[in-house]
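Note that the chains take the letters A, B, C and D in the order they are written out, and that residue 1 is the start of every chain.
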């Protein structure tokens, strides 16, 4: 069971390394969107501190969305998706591997760069720590839920826009608790409650989403 | 061993075929024939379990394939008209990755041997995007050498191959049949397969 | 065996189509009757609410519309589950026929909610858990319709749409509670819906209106499903017979 | 039993007329338009399908005549 998951992760990471432009462009998108906000709303530190959690999280959602359409599309186009579906394992495990690989190349870099961007918003050290933790905890859920949308819109015209329409509403709980954790830390209430709810959502969606995704992929492959 | 019982196929709103039966034993090859759009590829996709039939059942070793699931897929090697190779990876990496995903144990030496057999010696370390169409097809075909599966389902395997490669593939298929394997394939060019019992099935009238 | 047979017979479009045709006028008539009775009680007889004045009368359509928007989504998810489990043709058509009505109900709920909120809370919109979830529900309806419209193959559309409905039905409560929790932390904007004890006529008026909306939704969905059936099954004999006698000569 | 003293009172809704009638108006509009749209859609679908069917019948007749 672990073998197939790690085989898929290994393959996808190797592919991602051969095509670094994709990772880098999603990351730059995140950095640029976040950096535009202070220019748009003015440099008052109090205001920036208040807006930082929301801005960083919304930008993280959008950056994740950017890489989602290609999650299955490339494999679908060259026929490897069929072969993955024919592997002698439940397709859900294969998808789990792909989701983890997607998180490693799209979610993890966001978490690593987020504290640097948090400094632009004058966040305290505590808040930066919670921000990093929240993005680390929350982005796997984004990859998992996003995979369902990516599989449902596989091979459709205008799939990218449709994908955001389907997936963004489902991201709301992650956004609320992710931003809420940082916000609570900024206002001194403590973000532990938010973080544990975020962990629960991630746990549930990473466990459940691959199987829904596998069902959607089977429909797309018919 | 492979049995199709009263299969019916509907694509979109068209009924492509109905009441289709066949039975294939070890050492037998089934040629699927029919004009374009008759449902050859659809039938192959049913046989590999990706397309659920509208009616009827497919059995492998006497058991329905959707019940067998993983066990059936572990006996199956499918080559579609897409090559299922990654352009960014080298032929060697492609072969090794495919084997890992298919749960096959494949050493690097064996993989290089297989690539030599399909005529790709010296190109093992060149990313597949630099290969020609025919060479990419050969990378895909190398899986027939590396994966030891009893059931081969091949969709137009001879397309984009030169004469030498066609002969090589015909030899490989007859070797597979001699070992007691089964094969189902569609093809437009009738190729002489030296060994094994060849049967034909025409679908869509 | 016999039960199975009957179930499939009922679920076959050829049987359902004429049945739906005969039922539509009844549902429409019942809807009008309930509507008139509800409007009479709600708009003419029911007394003024001592807290909200006459403005409260919006609830006679706001509450039924909200109920229906949620109920229709549940019914669609139910059909989706049936369709995915038993691969019946009818279920996907039913889900697709219900979706536009559900979306309109969600829209009405938001529209009337805004018109109620302005005089009562002084704002057209607040980020309250109910309002936000209702908005998300509208997005889910639109997403479902966009997805099924984007897929050319009707069966694939049914299955993909069904899966989306099931994912959505799991998520709506999570979204509701997350917004609610978020709202209790951000005190300022939270709204207290103090439910004054309702007069009996008010309650009856609301229930009658809810029945009216319910019957209306059934009637419209049945009308829509009949069109979808004709479209989807246009190559079958029963549709050809339905569309006119001129087939007789052309049949092979 | 009627709660209102005059029709003007009824229209004014105790000062909430705009909100109440805005809600009821929108609902009435939607509930009137939706069935009409569905019925019209049904009519166009039927005529389109009938046209298609006639075309197919003609094509088949031509084939058998040849």
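The rule we apply is simple: contacts are C-beta pairs under 8 Å (C-beta built on N, C-alpha and C of every residue); 3 or more make two chains touch, one makes a residue touch a chain.
These are the chains along with the protein names UniProt gives them: A = Heme exporter protein B.
This one's a predicted model, so the numbers in the text were calculated from it and none came from an experiment.
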item: Most remote chain, CA-based centroid, reference being chain B; value: D
item: A-C or C-D - the one linked by more C-beta pairs in contact; value: C-D
item: Centre-of-Cα separation between chain D and chain C, whole angstrom; value: 16
item: Rounded Å distance between chain A and chain C, as computed from the means of their C-alpha atoms; value: 32
item: Mean-CA-position distance for chain C and chain B (Å); value: 47
item: Averaged-CA centre spacing for the pair chain D and chain A, given as whole angstrom; value: 43
item: Multi-chain contact sites of chain C, meaning residues that touch two or more partners; value: 234
item: Residue numbers of chain A (touch at least two other chains); value: 222
item: In chain D, residues with contacts to at least two other chains; value: none
item: Complete list of chain pairs which touch one another; value: A-B, A-C, B-C, C-D
item: In the complex, chain A residues that touch chain C; value: 148, 152-153, 156-159, 162, 165-166, 168-170, 172-173, 176-177, 180, 184, 189, 197, 201, 212, 215-216, 219-220, 222
item: Complex contact set, residues of chain B against chain A; value: 45, 48-52, 69-71, 73-74, 76, 78, 80-89, 93, 97-98, 100-103, 127
item: List of chain C residues in touch with chain B within their complex; value: 87, 152-154, 232, 234-235
item: Touching residues on chain D, where the partner in the complex is chain C; value: 1-4, 10, 13-16, 19-20, 22-24, 26-27, 30-31, 34-35, 38-39, 41-42, 45-46, 49-50, 52-54, 56-57, 60-61
item: Of chain B, residues touching chain C in the complex; value: 11-14, 52
